[in-house]
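So the structure is just underneath, and the comments pick up after that.
Labels A, B, C, D, E and F are assigned to the chains in the order they are written; within every chain, residues are numbered from 1.
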Amino acid sequence: ATSRNFRQAARLLGLDSKLEKSLLIPFREIKVECTIPKDDGTLASFVGFRVQHDNARGPMKGGIRYHPEVDPDEVNALAQLMTWKTAVAAVPYGGAKGGIGCSPGDLSRSELERLTRVFTQKIHDLIGTHTDIPAPDMGTNSQTMAWIFDEYSKFHGHSPAVVTGKPIDLGGSLGRDAATGRGVMYATEALLAEYGKSISGSTFVIQGFGNVGSWAAQLIHEKGGKVIALGDVSGTIRNKAGIDVPALMKHRNEGGQLKDFHGAEVMDASELLVHECDVLLPCALGGVLNRENAPDVKAKFIIEAANHPTDPEADEDSYQEGSGRVA
Amino acid sequence: ATSRNFRQAARLLGLDSKLEKSLLIPFREIKVECTIPKDDGTLASFVGFRVQHDNARGPMKGGIRYHPEVDPDEVNALAQLMTWKTAVAAVPYGGAKGGIGCSPGDLSRSELERLTRVFTQKIHDLIGTHTDIPAPDMGTNSQTMAWIFDEYSKFHGHSPAVVTGKPIDLGGSLGRDAATGRGVMYATEALLAEYGKSISGSTFVIQGFGNVGSWAAQLIHEKGGKVIALGDVSGTIRNKAGIDVPALMKHRNEGGQLKDFHGAEVMDASELLVHECDVLLPCALGGVLNRENAPDVKAKFIIEAANHPTDPEADEDSYQEGSGRVA
Amino acid sequence: ATSRNFRQAARLLGLDSKLEKSLLIPFREIKVECTIPKDDGTLASFVGFRVQHDNARGPMKGGIRYHPEVDPDEVNALAQLMTWKTAVAAVPYGGAKGGIGCSPGDLSRSELERLTRVFTQKIHDLIGTHTDIPAPDMGTNSQTMAWIFDEYSKFHGHSPAVVTGKPIDLGGSLGRDAATGRGVMYATEALLAEYGKSISGSTFVIQGFGNVGSWAAQLIHEKGGKVIALGDVSGTIRNKAGIDVPALMKHRNEGGQLKDFHGAEVMDASELLVHECDVLLPCALGGVLNRENAPDVKAKFIIEAANHPTDPEADEDSYQEGSGRVA
Amino acid sequence: ATSRNFRQAARLLGLDSKLEKSLLIPFREIKVECTIPKDDGTLASFVGFRVQHDNARGPMKGGIRYHPEVDPDEVNALAQLMTWKTAVAAVPYGGAKGGIGCSPGDLSRSELERLTRVFTQKIHDLIGTHTDIPAPDMGTNSQTMAWIFDEYSKFHGHSPAVVTGKPIDLGGSLGRDAATGRGVMYATEALLAEYGKSISGSTFVIQGFGNVGSWAAQLIHEKGGKVIALGDVSGTIRNKAGIDVPALMKHRNEGGQLKDFHGAEVMDASELLVHECDVLLPCALGGVLNRENAPDVKAKFIIEAANHPTDPEADEDSYQEGSGRVA
Amino acid sequence: ATSRNFRQAARLLGLDSKLEKSLLIPFREIKVECTIPKDDGTLASFVGFRVQHDNARGPMKGGIRYHPEVDPDEVNALAQLMTWKTAVAAVPYGGAKGGIGCSPGDLSRSELERLTRVFTQKIHDLIGTHTDIPAPDMGTNSQTMAWIFDEYSKFHGHSPAVVTGKPIDLGGSLGRDAATGRGVMYATEALLAEYGKSISGSTFVIQGFGNVGSWAAQLIHEKGGKVIALGDVSGTIRNKAGIDVPALMKHRNEGGQLKDFHGAEVMDASELLVHECDVLLPCALGGVLNRENAPDVKAKFIIEAANHPTDPEADEDSYQEGSGRVA
Amino acid sequence: ATSRNFRQAARLLGLDSKLEKSLLIPFREIKVECTIPKDDGTLASFVGFRVQHDNARGPMKGGIRYHPEVDPDEVNALAQLMTWKTAVAAVPYGGAKGGIGCSPGDLSRSELERLTRVFTQKIHDLIGTHTDIPAPDMGTNSQTMAWIFDEYSKFHGHSPAVVTGKPIDLGGSLGRDAATGRGVMYATEALLAEYGKSISGSTFVIQGFGNVGSWAAQLIHEKGGKVIALGDVSGTIRNKAGIDVPALMKHRNEGGQLKDFHGAEVMDASELLVHECDVLLPCALGGVLNRENAPDVKAKFIIEAANHPTDPEADEDSYQEGSGRVA
């Protein structure tokens, strides 16, 4: 799909076909064997890789995923997508993506550390502050970045800038946690403004209360928006007068489930997407709106905040420590 | 086939299955985009790659091919094969293989130089005297190695040892040209010795008069063997009394075709493999002996000297400058 | 002249004669042979050089010129001048200068690219962000800097800071284009202020409408100055009421010649320097005011904006892309 | 003269004029300022340089001279000459030459050490085992090479191969001392052989008893040649029966002057070159044979062993420690 | 004492004993032999060292001392202290300390320069902008840092950030001179604020008028505090109405002794610490207040500004150029 | 003792006292903290160190010991001893020694591997083929060297020459195993030759049958010497007709104890050193001959082959894999 979109753009721009081909071929792809001793003393080999798509505009940038079915073609496409994303956002970076074919959930913390360090040893000469800067992605987090930073520094000296998404104590950026949700709020604000409306005074229904959905809800609430219905796997709730989002956050952070929140009534999950409201924000799985339920949607505006069909909150921009994917 | 053979060997050795898996996964694979200006000013992009299979026994070693249909799986297999070859030969090297997807015949010498230099710029950090040492292979030759050596030296200082198969004037090894043919002669000598025979006093039929066949013929002739029939695309000839191989070499080096050689009579090409003789040496295409013609073969011994089904003389051990594949 | 001025300064400062000698000897001079294939396939060799005068105050800084008659002594003098310029301006840099002996106008764009890349390969170890930072100069421009940046980055990783004067898209500084003209305007403003006057309310005659003159004219116009006469090779014009400089810029940018501009009347070129005005700004060739015409000059103030006898606008501070010197 | 000879050779070889030009331009020339504190505490600045002519055949090779009137053009010529010398001798090296403009005799040992170390600091990145390997030359010796080796090693690790001509205890080659004299003996032997003669049975007159002459005399003596006359600044002597060269060496090594040697009679210096003999070997100043004395020369063969008009024994091949030039 | 304090903190934090042990062991200690020629031509060898305690939070930071009795255990403790200081101050640095066992007062400036340069050559690979950044300390000053910076730059390129405390002309920080005194003033201000008081309106007695005491006095004076008594080795003075500190500074900078200052009356040194006042600031030797004089102290507040028993003003934070310790 | 011996030598050589002092101070000493996770998941910190005594004659050379009571002073002495040993043996190396304070017997193989790799990471910049080359020593073996080689190669490329004593399959030297015993045999041969005797025809008593003693016995047997008595902890045996050493080796290699060997009779261990013989070779503990037993020794010659009081066969020259010290 990425290539199809690119080809369409190339046609619209009247790009020379050779230049088009050249832009499609990645700058560099690397696969490395990562062999580690497991905790039980046996050896295990994993394949790690990094696709570096383009560095014409600056050092390449993109996530590192740990996933058993990392698909090379998909990763190629995502690396390319990073090139277009950094270019469209006009930041001086290129695009890359990488990962290791493994089930992070089946590896102990100590095995994950060893695997990450071996992977870093194998690619340390090909990444770097001025070359290619990894970030957390599906199945990795700020701890993974800390290991990469530490291992890379053994070879190149103290180099915190070799990764983004590292722990704040090691120089990570404040605000990364909320960034995707904040982007969703800004997109909502911009869309409404085009129609002479604002967040304050509108009503919102949000599907998903993970990293994206909870921050979107909170920031929309801060701007005066009324979140009237909200749901995730732990429950679906509504409150016509507007849910008290900070209270809900507190409830959830204390381990509570949505369905047990006192400030709202439980509703049927199947009614969430078709609930009456001004703005509907699907922030969980992608592909939830389809031919069948589309006619019943009553929202006036829809903001697509779930960008990945299988693991919607896990892309480089939204994944964060503590979301439980690694453990 | 390489992997199947390896797995069989692993079973016989009683290798642990994890170690077996680890030995099958290449140490490192790299793909790079090589964009060059063509002579007409347009841009062209090619994909170059290098598979480094194993370096446990020393720096990796293997050819660089230029071929339009370089198949990644085949190259992976060939890189692995190099690991086993260097190990079996007990030389302190590992295995690798690489190439560029291009038609060397469609590129000018100047385009080939630019392409080789760009490819070298892209992989220079991953090869080296102590890391991985390329060699000529299908579609490349000593000139290609000279370009790699020169470009590599811009980054790492005068480094003749970064490639083998370079021109003799730049430090290449004497005898490389004849090496495969000489190996064929040694194998023949060893086989005959086991049966109480020797080259001197035996008769030989040779298919192919390229790098392998012509050197095999010449060295067998020197050892007193009688080459009684011989053929390539320029003709098939025989002489019961034994062909004067040095004279034939001179004839061919002056541009003559086999069928025009005065010291032998022309025969039908189809009869070559089934010609009466002590030893038959197929030195051209692989797979020439099959179910159909096998029953008619009259030779007492067969030495397999054609190791590749599609381009038999072109592997790293036999390819040499001037064999016309590049031009 | 540079050395004479320096010696005079040294005397005034009471510098030890050994220290004086040491300050005159350049830190390092390098000459390299640059051989490239020309578009017609023949080889051509050029001599490139770099004089690094002094790095006591920081990385050295200075232009790269492409000119057939680059004179080593002159370049030495200019490198030294850069040391004094950076010191007087109190920026933490030293002084350098370099170039290639070639006629950029006789080389195709592709030949210029090859030449620049070979030159960069030959000196890459001696320049660098913390060592010596080239800039455009006579016969070179932001494209030349982009090539140096790209070639240098092959050796040292993404290094935009190795050159200044690169294209803005690659990290070049905004405002570089107008910098010299803006400096002329500031000098004018300062001079007038000393005499209780200001740009607003004064009349100006400007010789030259290239990079320096046109920006000086525009900025003086913005400050309320009245440009009453102006000339370059495409015509000499005047307008007592003040020329509409933005309109003239538009006219010129659309390819128009000065003599065809509607908002002014054509005058004789020879009268420009002796035209009645408050301030005369020679912004074209140096040495235009001499014993013969000096007595006739009627301007009350003269700002010297042409600093080079043969190619006045071409020094490192003023040269910019598109000024036609390369093509 | 070097260039003239080269051009003549180029004509004979039918070299393309562009290639000829390219071969004349040095690969790289570098000049550096070397400032040291003198023993009296004042500063002194010297200009050091290195001309690297050509590295196509291997690392460049050539001497480092310390001389007050080091002439850049002469050094360029000598660097070029080294390229042709290594090529003709078929050793895998290119050509270079360098030096410092100073009077080694006016500097203390400690000042010479400081100067050599500063010079090495300034050029260490441009020389090296695989790049350019200095050697002793006029005004430098094995001690100078030891300083270069030590200083270079601070930057690049223990690197004895960065210089030749170092002290034997630090890895210098045995036999270097006698090498030029031995070459003279071999040339003499080869010349005589062409005429059916041999050293044994011939008579010799030798001018000069320094490094070249004394070793030539000794080796000719060993081969059975009869040295019948011999001279240097300390005297001119003859002995029809043949001078006992080992005894003369002993005499001289004990500080004796030639004129005081008991095994020969003193003769007039002016008669040496015109003395009756089979072979005349001028091993002192160049240019001693000229239009005026040529008609009187009675030798049947002349071997030119003095290759430098002003300091004949001091080139890279002959200079050695202890010959008193530095002290 | 440092370790004891650390162990107490570890106990309070409930640190695992293995982690506690690991935090006590320095990351790296290095000792190097530094041999220099002395001015009289003889050789002298000194032992230089660097203890790098911990880099978990960033590049290590700490002074370089030149002192004849540098005690390894004390230096280890001080390096550890730097780790805790940078952590408590929440700056992203670790801790280190080093020095050379020598009497700086017995070495000439030229010997000190040679010694510093040799020491730098020996440790240059272990320090660096991203690794470990020295600073002046006892017996060293900004000139020492300039030598380290210059020598280090020979190996790693222009690197002003490899040291702090360098001369301002070479990039040193403004305000370093006054930093310790300013810290004393801030501490005083904070302490008084806790008791509802302020500097303005309080009276002060200051022991010591070196780098710490004079700046503390000046800054307290600026804030409106009344310095009523003050002493150093050149005299002890008092003025009930408040000493005019700027005038006293001028007096001292012109070489005057405290006892000769006209704006105060001389008093007995032994009475200084027990003088009536609101705040007493011992800014000279440590340990001046003890069991014997403590009962007599009349100050309501005491600010400890003397942190070192033998050389109180000489730690990394306070030492500055020109304080005469080296000369 | 080493320093005392050195001082005595210095006096005999008339060394300048400053040079003497300079020769005693090590070139460089380094201590590093090595923290590893133990198999049970807890952290453990060890102190590793390396003393590099002198590199004037070439790269430094010396063992790495793993021992709980590694004593810095002893290691300093041993490093110095290596300098004198390499100098006396006239090999172009300097001297070094190092180790880690740990009980190798208390660490699992996997913990030893992690510890060795961390230690190598901490010192990799300070050792190297041209700088300092470790070797096995007490508590380390060829496996330890293989780990160092592998870890070092991650930083510097395939570098087998960074250690000696590595496994033969990775490039270790043949004959290392027997080297010390062979040296003992050569020393014996030389001693006897001085007295007009030879190994053949002499009788030998050997204490110790470990690496040194068993090889000495075998090589003496090969030279025709008669080993008439022999002992280690597993028994003491004698045979007037000469023990069949190859048979004894076979017996021992099959796990047999000396006392169970059929080709000799068991004797009392206390009589071994005072047994009648031509040559006595103590090859076990040092210090076994003392005031008390010396008068009773009947051997005519004694060869000291036990050089270390506590662990006689464990020095760098004799230690080998499989001697059971690690396991």
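General observations
The criterion applied here is as follows: a residue touches a chain if its C-beta (ideal position, glycine included) is under 8 Å from a C-beta of that chain, and two chains touch if they have at least 3 such contacts.
Everything numeric in this text was worked out from a predicted model, so none of it was measured.
Any chain bridging subunit D and subunit E, meaning touching each of them, is among C, F; the list is complete. Under the touch definition stated at the top, subunit A and subunit F share these contacting partners: B, E. Chains compared, subunit C against subunit D: the Cα-based superposition rotates one onto the other by 180 degrees, nearest 5.
Between subunit B and subunit C, the centres computed from C-alpha atoms are 59 Å apart. We define each chain's centre as the mean of its Cα atoms; on that basis subunit C and subunit E are separated by 49 Å. The geometric centre of subunit A is 72 Å away from that of subunit D, both derived from CA atoms. Contact with two or more other chains is made by no residue of subunit D. Judged by the touch criterion defined above, the protein chains form a pattern that is neither an open path, a ring nor a star, and not fully connected either. Taken together, the chains touch in the following pairs: A-B, A-C, A-E, A-F, B-C, B-D, B-F, C-D, C-E, D-E, D-F, E-F.
Here subunit B touches subunit A in the complex through residues 16, 18-19, 21-22, 25-33, 35, 42-45, 47, 122, 125-126, going by the rule given at the top. Touching subunit A in their complex are the following residues of subunit E: 55, 58-59, 92, 128, 130-131. Across the complex, subunit C is touched by residues 37, 41, 110, 121, 154-155 of subunit B. Across the complex, subunit A meets subunit E through its residues 157-159, 171.
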